[in-house]
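The letters A, B, C, D and E name the chains in turn, as written, and every chain counts its residues from 1.
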Amino acid sequence: MNTILIQILGALATILLAFIVGMFYGGAHRKVIARIQNRVGPPIYQNFIDVLKLYSKETSINHGVMQHMGPVFAITASITSLMFVPILTDGNWFSNLNFSGDLVFLVYMMVFGSLGMALGAGQTGNPNSAIGVTRGLSQMVGYEIPFVMAMVALMTQFHTTSITGMIAVQQQSGTWLMFSNPFAFMAAIMAMLGMFSYAPFDIVTAPAEVSSGPISEFGGKYLGMMMTSGSIFAFVKLALFVDIFMGGASNLVVLVIKTFALYMIPVLYGVISPRYRTEQAITYFWKWPLFFGFIAILYAAF
Amino acid sequence: MNSLILLLILMFGGALFAFILNKFVPALRDIFVVLLMLGVSYLFFSTGISNRLNFDVLGIHMQWGFTSASYLFGIIVVVLGSLALIYSTAYMKGKDRLGYFYMNFLFSIGAMLGILMSRDLISLFFFWEIMTWSSYFIVIYSGNDVDRRGLKYMIFSAIGAYSMLMAIVIVNSFIGSFLLEDVFASIFAIGSGYQIAIAILLMIGFGVKSAMMPLHVWAPRAYSESPMSYTAVFSGALSKMGVFGFALVLFNLVSTQNWLINEVVAWLAAITSVLATFYAVIQSDAKKLLAYSSIAQIGYIIIGLASNTYLGVMAGLFLAVLHAVFKSTLFMAVGAVERQVGTTDMTKISGLIRRMPWTFVATLISIIALAGLPPLGGFVGKWMLYEALITSGHYYLVIMVFLSSTAAFLYSYRILFGMFLGQEEPEFAHVKEAPLSMLIPMLILSGISVLSGSHPGFILEPIQSAMASFGFQSNLPHESWWELTVLFNTWGDKVALVNVLTSIVGVFLIALAFITIKGYKNQRYVTTKDISSSGEIIQPEDNMTFQIDFYKPFERAIWPLLKRKIDDYYTDFGKGLEALFDFVRRFYNGNGQFYAIYVMAFLALLLIAGTKYFGF
Amino acid sequence: MVISPVQYIAIPLIAAFLIPLFGKLNKELVRIIPGLVLLYLSYISVVLMNQVISQNTMIVEIIAGWRPPWGINLVFSPFSGFLASLFSMLGFIIWMYTYNFKREVEDAQTEKFYVLMMMLITGTIGIVLTGDIFNMFVFLEITAISAYSLTAFYRERDGAEAAFKYLLVGSFASFFILLAIVLLYSQVGTLNMADIAQKMPDVNPYMKGVILMLFFVGFGIEAEMFPLNGWAPDVYTQAPGPIGAIFAGMVVKAGIYGLVRVIFTLFDVHEIFPLLMIMGVITMAVSEVIALRQGKLKRMLAYSSIGQMGLVLVAFGIGTHEAVFAAIFLMFNHAVIKSLLFLSGTYLVYHSKEKNISDLDGIGKSLPFTSFLFALGSLAIVGLPPFAGFWSKLYILMAAADVRLIAVIAIILAVSVVEIVYYFRVLHRIYFRERISTIEIKIPSFNAKISMLILAIVIIVIGVYPDLISGLIERAATDLLDKQHYIQSVLSVGLH
Amino acid sequence: MYNDKNAQTIVDYIQNFTRKNSLFMLAYGTGCGAIELPATLTSRYDAERLGVRGAATPRQADLLLITGYLSTKTLKRVIRVYEQMQDPKYVIGFGSCTINGGMYWDSYNTIKLLDKYIPVDVYINGCMPRPESVISGFQELKRLIAAGKADGAKKYKENLEWYRENQKKVLKNWPLVEYNW
Amino acid sequence: MMNEFLMISFYGTAIALILIGLYATLAKKNLLKIVIGLSIADSGLNLLFMAIGYVKDGTAPIFSAEVVGKNVVMVDPVPQALVLTAIVIGFAVTAVALSLVMRLYRHHNTAAIDEIKNLKW
């Protein structure tokens, strides 16, 4: 009984942590961009205000039950993924379901949300939504491949497919995997640029092209839930990368530092980049990242 | 009478009787075929796997009987067959030549059962050919573009079947027996060159039916143009006969030293699945999309079988079972749409979700299973496949599979969006949900997809015994790779499916409750015409749904791969052959005197050559 | 009446000459008498085959009291008897088909038709039954002359052209065979086949080679071997439909019988087998690919028939017991199936002037029964199970595999694919096109339907249960290969 | 509820706080005023620090900016957009054209007073208003929101017939399909 | 000597006739000439057969009172009988051929074989 309680409370704590960190990172993103553009920028807690406002909007309009469930799919995916990602290397509170799944599962779980969202977006009937979805899915095909190559390289190198296993490897050897297999890290980081969908890969929600794409018909609490999910999901991705490449984090401070350092890569890359076209985005991932992935696997295998 | 013979007599006799019945009492036809199929299913399930029947034909010893491997596939066949026939009764209503249709339908199911019960190569081939032509007759049932489409199917089937036949007779010439057990026992005693040739020839034969890469060109049109009730069986069960054959060949006829064959097969299958997925992505017709998707999915199955690892083979067989379940559901759903709306061209239809909600539910579940997303069964198969490939060191193969299954998300979404989502059109306002006899088979199969996601053990158990009876030799210890709800890989990593399911369903329900309960008073449904489009006012008759060139950017990115289809090479080859044949034809130039001169010339040649070569 | 093989020759020949006389009496008798004759022949076939098989002997009939090797004798061996039985039964079925078929043409024509048909059947049966090489030549000429005439039977067609080509090439055939007989006689001094076979080892090998080549070419022409078969497509195209069936089912088979009897029994030189096989392969490959490019139904069937004969030659060329078994099985199957195709095909293009395949568009709806049987025949001839053609093809392949002729197997199978293409293309036209041509449709009469149905049932029954006739064929193959037994059986007749 | 400041509960207070600090604006660039927005949003004036941020579609937006004159042809689109926005929603009229027609006061197909057609919460005058004025307009709106007085949407709902009548007067053949908005 | 000359002239004539006949058949375009060529070749063959049956100084193979019991050389009787048959057959074939030539000439208004090519390929 006690364990279940700890489990549930731990899960809630994890979600809260992910939400808060994710939100702050979102704010930080905006702030960093503003500072680079020589603006003051919104306060760092601006995203909280936005989300709260969106939840407090009165009407919410949907075009059908799938749209209603779209954000639910998204948040399901991000929270479930969160449950399977080790947050801290020790301690029971944040362990959740770490040992029930592995990397392959996580890769799939991370797709779940976007597809569910895409269904919701599809039902709105807005052409922009569908265009955004097609762009997003196409881009996903692009970045998943180098990402998976990096993962496969690590898995074959260390003979484990679970994240906890990878953390254990790093703790034993004392070297972060980003140094053990730098090529895999390169491929994965370049794939991460696509995963975060910040510029130059913000082709999905490109406001000026497809008027924010899939979410163009989502307002109010739907949008709020999506923002929540997005924040959690950003945290999941960062925590995953930290776990795999940077040896995990033993406490929250380290975690925040490591994740923030990682987070700045797509943010800073995005600030100075204009937007790609979709096929350019896909082929971007199929050039250098793919090459690094190949090298990584060769490096791992031999 | 032996129940095996009874089974076949019931099937084939019933098929002929259905044809005759249709001539005289068409009203009873539907009831008859469904009852027949149910009876055969009952008989099949009561037959069991211990029954063996030995007899001689023309001095060739033959043996019939199910093994647990073929029984597994047999279950697919009878279950899908029964459900598809139930589905057919509504789907085919009002079409002509129904006697012809049902006769060939039952023929092909009977032939599939025959293939599965064959324990020798000759009866295997015998039923294989019956299956080929009976399915061919259904492929050309609709009658459009028969010359290209039907012939393509028949030519490739014939090439496949005849290379099988070639392998069979060569095997016999070495071993002196057609019995599978004899062949398997003594195949490695013959020369390794012949042994490889035999394996390759057999695999060409099975590869055609399972639509492997260079031999797949018949499949898209054949799948998409047959009546959907048959395509469900065609793609679900009939193509699995190829998989069945592949399993037989790979586990028994390819020695473990010849890892290269396994590797080549796996790579071909991987290329198949990637390219077929890409083609599926750029289709705009739901049926063709599913057809290409079938090709791709069978690619996974064969990769699994060829991976030569315990987990991989298990994954392959699991995917085979599951593909039969979800792909036939999808074909049935598309058939339902076709019947209710009249077209499957996704550029023409949209927004059927509120018109055909149950069809949508079945499609959604099957698509989730197809895409391999947790928590449905497809994920289980995919997971096992990936883990098997990764743990056995097929690094680049797993990338191909990943590429293919990621691209599969594209068409998975396309088919859901294309038919059910998007704007609701007034022209489809009259569309009704499919009749119950079409819905029930779909929903039953969807239920299996759902169940297999959290409790794959129910399916993995028969698969494990099937693997044993296929003769799969694992170089790893035979420990259990699964529990009822948990999967393991070789390295001890696992995925606990119940936890996954609990997590997903729990979060989903809580979030759904949250979003529904909060402010539900102000929640409003608006029509799909009320969308933000820069203030433009969309009239009900305007269709704003984005359907044409759906994945154009993706298509542009992969265009170098798709520029020239394999089909084109075949077409060029065929044209070249025809020109050659026309040239040969000129030999008979119509002048009788020339024929006489040929005779004289031939005689002179013979007399000259005869003194030189024939020792006179 | 005592049943003896000589009745095979005598009764139809007598009937052939009596038919015009009966025609004066009653027009209906003209039609009935051939049927009765063929029915009787079928009956004695059953009796004699039963006797031959059950007693494991061969029946040698001495004619005019001259014991072999001096007199002419008829040999009802399992092989020749099997073919003779096949010819008489097939003849009866085809007669049943022609019974009403010929009612449209005037009666004088009917008489001619039946006279020639009876002579044709006599000739073919004579070829297979005779034990005398010159006698065989004579029967060959009887067959040939009646075949020439039947080819030119329809005045309005280009029958005369085909017949003339046939005559030209056929004269070469008889010329070479006669020349071979002359040379052979000059060497061994006897005409009895058993005696020749016995004395053959003494012959000068060079002379032996020349004679064999002459026989090879001569019978090769009749057996439609590749560069010698220029006449065949034209003849099949121009002859009346049932006669096409007789050509495919009997005349060619008789030619092949002559060829293999000469090669296996008379000469027994194994050096010729590769040649036979190579010619078979070439014949098969060339004619099947030409058949693919045909626009006319009967011509397509003709080339297909030639191709099948090539396959038979391949099987004989392999020369093992299994191969010979397969070859004879294929001869049987081809006789039945190709007859069915010719008979049903005739009705499909009955009123069409050009006999184009495109005239068949959508005929499946108008002529369901005939089309169905044609489709069945098509499936059977390309060797799809569960029809008869499958087993013979399988056995040929097995025989080829046993001697490791992998390339030959590959060619046979590749050609089978071509065969599938052109047959199925016709089926597509029959069933999946809209009928646009205005050509009148001829509904087959009841007896024609029955005759075709019998053939179809035979095809299916043999396909599902091939052991029904495999015993007979097995014995026939043994007979052909066992030269000493033949010599002994023939030469020992009348000694005691 | 919006009218009476004393009726604000703590929940309302928080709601209003978030609403005023997070304004997703749909810049409906109808007239020349749109050119002032880039300046307002970019480095020099940086409206984002006030929580004002662009939204791509009316569904996501809280704030509709009518940046200048409205021709009758544009009006129906503006009405459409306004009705698609979700409550609570605010409108800012931008420049004198929205107040009295401005330099288009005698044009045959521009509307003169925006308030007759959709409820405007704040007008920013000037032709064109400089970014400073725009920002002060935002501040004014924020003040209204905090006070719970930015209740244009409620007004629109209550007086729908009146608005419709006015709209129909201008838009001769009523082009809006009556959605269940 | 005489005999050898006889034999050579027999064989020579026969072979010459055959070759002439075959030449006519293969090279001449006229249908009638082809038929004549066939006939000539046939005759040559018959002659050859007769020549083969010839035995030096042989008498007619008739068992009359004169020859019975004496050591008389007879020519081989079989070829003679067979040639008789062959002649008859040749005659029949020629008759059929001529009738066909007539039919062809009526139908095509020509007797040139290379112009009668309705059936080909």
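The rule we apply is simple: a residue touches a chain if its C-beta (ideal position, glycine included) is under 8 Å from a C-beta of that chain, and two chains touch if they have at least 3 such contacts.
Since the structure is predicted, the reported quantities are computational estimates derived from the model, not experimental observations.
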Review point. If you walk from chain to touching chain, how few steps can bring you from chain A to chain D?
Key: 1
Check your understanding: Which chains lie in contact with each of chain A and chain B?
Key -> D
Check your understanding: If you check the contacts of chain B and chain D, which chains show up for both?
Key -> A
Point to revise | Chain whose Cα centroid lies at the greatest distance from that of chain D | key: E
Practice item. Indicate, using Cα centroids, the chain positioned nearest the centre of all protein chains shown. Key: B
Check your understanding: If you tally contacting C-beta pairs, which pair wins, B-C or B-E?
Key -> B-C
Point to revise | chain C and chain E, separation of their C-alpha mean positions in angstrom | key: 29
Practice item. Express in whole angstrom the distance between the two chain centres, defined as the mean CA positions of chain C and chain D. Key: 97
Point to revise | Gap in Å, rounded to a whole number, between the CA centres of chain C and chain A | key: 78
Check your understanding: How many angstrom between the C-alpha centroids of chain E and chain D?
Key -> 117
Point to revise | Where chain B touches two or more other chains, by residue | key: 522, 524-527, 529-530, 532, 534, 585, 588, 592-593, 596, 600
Point to revise | Sites on chain A at which at least two other chains make contact | key: 58-61, 128, 211, 216-217
Review point. Which positions in chain C touch two or more other chains at once?
Key: 161, 164-165, 168, 233, 290, 293
Check your understanding: Every pair of chains that touch: which are they?
Key -> A-B, A-D, B-C, B-D, B-E, C-E
Review point. For chain B, which residues are in contact with chain A within the complex?
Key: 350-351, 353-354, 364, 371-374, 379, 382-383, 386-387, 390-391, 393, 395-396, 398-399, 402-403, 406-407, 409-410, 412-413, 416-417, 421-424, 489, 491, 493-496, 499-500, 503-504, 507-508, 511-512, 515-516, 518-519, 522-534, 544-546, 550-551, 553-554, 556-557
Revision key, fill the gap. Residue set of chain D touching chain A in the complex reads 14-15, 17-19, 21-22, 24, 42-43, 46, 48-51, 53-62, 84-88
Check your understanding: Contact residues on chain C for chain B in the complex?
Key -> 161, 164-165, 168-169, 172-173, 176, 205-206, 208-210, 212-214, 216-217, 220-221, 227-228, 230-231, 233, 269, 271-272, 275, 286, 289-290, 292-293, 379, 384-386, 390-391, 394-395, 397-398, 400-402, 404, 406, 409-410, 413-414, 416-417, 420-421, 424-425, 428, 431-432, 465-467, 470
Practice item. Give every residue of chain D touching chain B within the complex, in rising order. Key: 28, 57-59, 74, 76-78, 80-81, 84, 87, 175-177, 179-181
Review point. Which chain B residues qualify as touching chain C in the complex?
Key: 56-59, 122, 125-127, 129-130, 132-133, 140, 143, 146-147, 150-151, 154-155, 158-159, 162-163, 165-166, 169-170, 172-173, 577-578, 580-582, 584-585, 587-588, 592-596, 598-603, 606-607, 610-611, 614-616
